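Presented sequentially are two complexes of chain A, the first with chain B as partner and the second with chain C.
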Partner chain A sequence: MRSRARTVLTTAAAFVLLVAAWELAKLVLPAAGVTVGGVRLLPRTDDAAMPHVWTVLAKLGAPEVAGAADPRSIGVAVASGALFTLGLALGGLVLGGIGGVLLALLMQRFALAERAVLPYVIASQTVPLIAIAPLVAGWGGKIAIAGWAWQPWASVMVIASYLAFFPISVGMLRGLSSPPKADVELFHSMASGWWTTLLRLRLPASVPHLVPAVRLAAAAAVVGAIVAEISTGTRGGIGRLIIEYAQSATGDPSQMYAAILGAAVLGLVAAGAVGLLDLGLRRYRGTVS
Partner chain B sequence: MSRFAGSRSFPARRSWRVAAVAAALTVTAAACSTTPAGDSSSGASTAPGALKPVTLQLQWFTQGQFAGYIAAADQGFYREQGLDVTFKEGGVDIVPQTVLAQGQADYAIAWVPKALASREQGAAITDVAQVFQRSGTRQVSFATENITAAAELKGKKVGNWGFGNEFELFAGMTDAGIKPATDVTLVQQQFDMQALLSGEIDAAQAMSYNEYAQVLEATNPATGQLYQPGDFSMIDWNDDGTAMLQDAIWASTDKLSDPAYQDQTTKFVAASLKGWAYCRDNAASCRDIVVKAGSKLGASHQLWQVNEVNKLIWPSPAAGVGTIDQAAWDQTVKVARTAVNADGQTVLTKDPDPQAYTNDYVTKAVEILKGQGVDVVGTNYQPETVTLNPGGN
Partner chain C sequence: MTAVSLSGVDKSFGEVRALDGIELTLGDGEFVSLIGPSGCGKSTLLRVVADLEQPTAGTVEVAGKSAHRARLDQEYGIAFQQSGLLEWRTVAENVELPLQVHGMARAERRARAAELLELVGLADFAGSRPSQLSGGMQQRVAIARALAPSPRLLLMDEPFGALDEMTRERMQAELLRIAGESGAAVLFVTHSIPEAVVLSDRVVVMSPRPGRITEIVDGRRPRPGEATDLAPDDVEDVRESGAFFSAITAVREALRKGDAV
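Entry: the complex of A and B
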């Protein structure tokens, strides 16, 4: 319990430090930023570029659009947007997780598959997201799965899964191959088939590799969902809100920062959700030598 | 050693599992199907009295720029023509004319030069109604900079959006004898106008109906009040002769050979133009409709936008609102063929073919509206004076 309390304390301290650094930068650095030889080294620090932390927090309570049909505060808008994106990111994580695990199993089972597929798995992550997003979004209205027409949010989920599957497939492959040769040979000598070896030896052994991979994948899925929302113009999520609020940044950027704050909190929540997974799989921790 | 319990293999069960997985894969593959091409628009014949579903791809977020269409839906003008119109909002990476050419929308709103560039690259689309008769693009600077004509941009930091939004500016500079590559410092602009206010850009690109208003919604630190129009000067490309046609309704060229789509196009154009006539006469109501439809910038910003957009539409050519004016079209094509941007490219490499635009549908649409007693020219149109509030609220 003490270590838990310490974690909470450290997190809080890190947050306070961040806020202090932000305000200190505003206080100390010149308002026009620092430019050396035409190259900007430090950003502008005036209120139009870096609003005070309390301005951003106060903005959360302000109404989103005056005179709108359902008047809601910016805080509520940001929270509901973040929830929407969290759903898509987690959906993408599950999709990517299933895909990644299946791919890792395939690569572990057939050395040929590993040699053939792994380079493409790595290459897939060098393709820029903004190049894929319009492509995937282009499926809308063209594809139906069992009578269900493709929805814009499904594109976002697929793009999120595209980022999420990579760390999981690589981490899982590593985990599946992690049992020492002696263990594998023991199973072999006991006439265990591939399936039994997988279930009783390789899967438990992969957990310590899988959990950090899922944590990475969760962060990637959140980033993927946000970028995909911006790129495909899917309404309802935090990514779209950031762009929509950015329009009003000319006079007052605090509204946009409120949405960015929401996106940051969303990332923390997604990481926290993976922490739960870690708790659930605790008994397999350290089974790898 | 419970970990090793049950480690014996069961060949029979394994093969059953393999079969199950194979079956699951088959079902999944069978379930995934591609919908027949053109299903969304030319699909099953609708029952008499039922509304025909139609999708319109917008260029950007819900805002006053599209007030006429949103009002036409809100006021039932589309329903009057037997259409049920849904809007697809634009975004950063959404190219309306591509969405249209790919068959994911029935119509799209797009700027003429950008749509013609897509057309040259193979997008089969046709301009069926030229809603904006004038260009809304301005080059805005602080009045103290004294930039009122393109020639005065020399030596200045000139902002532009790029991505095909910059050609009026480049044509204007070229006509004024300025070499864009060497005589000015080109700066890539963001969505907002902070760079202009902070002095990183001397003259920034702005739409009269959107970005210029955003500047006027910001507080002037010197006075503590909002910036006033007198604080700025601007270059209007309509006066400069390098203006290009902007928002137009584009339809699919291929589908226009289908009589049902032809008829639908006439009806869609008629109802849309009726929406714009409504916004000309009821700007405040259109502001409320746009805000209700989910705009993220507030009411005073939307009223400003409706008012400025009205100025781009009304008064219309004598033939009626939405008619493509040959002279304006020719000027657009001329600039598109001759203006060279920062990358040394022109918008078009050859003249567009005759199918690039047609007045057939808008002429019929205008007749329908005249029959309903709608003023389709707006000779006596007078813009309002809009007061902007901080942040556009």
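Entry: the complex of A and C
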């Protein structure tokens, strides 16, 4: 419990440090940046490139479209965009998690499956996301499942799940095969079948491997969802917002930074969700910690 | 009835002949130790009885059934040098494990685990985690777990090998009491001659390459209520009796003879 409080404190401290470093850079570095012989070594630090932290925070309260009849503040727009993306990322995490766990079980059960499938699992991750995104969107557009027409956000979720799936399948496989031979033999000597051994030995023993894998997968799902939103042109999420703000606000980057701040908070919330999972399973963390 | 009967058992791992023509019978409630130099096939013999290893030749019967059938019926319990307790389970839940695997109802399991923890003197630790217990206590939990399904036979591979001498002697006394109360036969692998002598009805001496039984020496297991001058019923008295030392000498000579061939 105490270590958990410490994690929260260090996270907060790191955030404060980051803000301080940002402001310090603005204070001491030349506004035009540092160039040596035409090569830029340090970026420009003037307000147009690096706005003050408080300018960004203040921007959250400003209306999104100046002079609109029913103005929505940028903060609300960013929050709803982040929430939308968080939903897709978590959906992708769940989908990828289910797929990864099932595949790991298959590989654990049948050594042949492991040898046949594992190389493809690894190879799948070398295909760049940018190449996958239009493919998924293209295929998805042709599918209608039981009268439900494919929506662009579904492509985003599928792409997020594709990224989340990898760490979970690999981590789960490691976890499932982590019990020492003596433990496996003990279960065998008790005439325990595959299913009972899975439930009473392999699954509990895989928790210490699974939790860090889910943490990686959650981060991958968030990044995947944001990039997928951008490359499929899906509206409503934080990814699209970053692009829109970046294009609309030339000369005033604080709006874009507000959206980036939203994306960062989104990542923290996803990590926090995994922390809750960790808390719920702490009984199984056992000897590894 | 016999608890174990092995006849003509061979076991080879490729070129290595781990067991060669093993003939051995354990009566109900009998305590038999296996002793011999490293690599002579003691663990292999135990594993063949446990159906964890298939013999290359010969027949193995446990409680009058094939070793396979006996394993499925949980006719034996097993304990290794490492207690092998599951850290995510409490002490009581570890003891319940074999019963849970066999689908016994929860209330019944609970009651049986409480009874066994009483037997091994750990009733106060039912809710503890294994890591909170000393090595000797963990080993007692493992013994309780092995005894949970009331097996006819207990298989133990150097269960006290990792314990200090004092704890070890206390555990030997405990084991004798537990084995006596449960009525289970015990097949016990050890490297310690005094341990084999003080625990056993018979000490089986083995020699390596190929793994054979070279001699069987009578042990000095105390029999409660049957005390004579030659065979006291208290372990401490046994350890100081002349018969104990002569049995140790007999085992040591058998080991030396086995080494020479």
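Miscellaneous remarks
Here is the rule we go by: the second predicted complex is superposed on the first by the 266 of 289 C-alpha atoms of A that agree within 3 Å, B and C clash if a C-alpha of one lies under 4 Å from a C-alpha of the other, contacts with A are read in each partner's own complex, and residues count from 1 in each chain.
Here, a contact is a pair of C-beta atoms (placed from the backbone, for glycine too) under 8 Å apart; a residue touches a chain by one contact, two chains touch by 3 or more.
Quick caveat: nothing in here was measured; it's all calculated off a predicted structure.
By the touch criterion defined above, A:149 lies against chain B but remains apart from chain C after alignment on the C-alpha atoms of chain A.
Between chain B and chain C, more residues of chain A are touched by B.
Contact with neither chain B nor chain C is seen for A:37 once the two complexes are overlaid on the shared chain. With both structures placed on the common chain, the touch criterion links A:128 to neither chain B nor chain C. When the two complexes are overlaid on their common chain A, residue A:204 makes contact with chain B and with chain C alike.
Applying the stated contact rule after C-alpha superposition, one finds that A:48 touches chain B and leaves chain C untouched. In the superposed model, A:196 lies in contact with both chain B and chain C. With both structures placed on the common chain, the touch criterion links A:187 to chain B and to chain C. Shared-chain residue A:284: touches chain C; no touch with chain B. Once the two complexes are laid over each other on the shared chain, residue contacts for A:235 go to chain B alone; chain C is not touched. In the superposition on chain A, the residues of chain A touched by chain B in one structure and by chain C in the other are 187, 190-192, 196, 200, 204. On the side of chain A, the complex with chain B involves touching residues 32, 44, 46, 48-49, 64-69, 130, 133-134, 137-138, 140-146, 149, 187, 190-193, 195-196, 200, 204, 230-235, 240-241, 243-253, 255. Looking at the complex, you find that chain C touches chain A at residues 50-52, 71-74, 76, 78, 80, 82, 84, 86-88, 97-98, 100-102, 131.
Those residues of chain A whose C-beta lies close enough to touch chain C in the complex are 180, 182-183, 185-192, 196, 200-201, 204, 207, 283-284, 286-287. Taken together, the chain B residues at the contact with chain A in this complex read 3-4, 6-9, 11, 14, 17, 31-35, 40, 61, 88-95, 102-104, 190-194, 197-198, 211, 214-215, 217-219, 288, 291-292, 294-299, 390-393.
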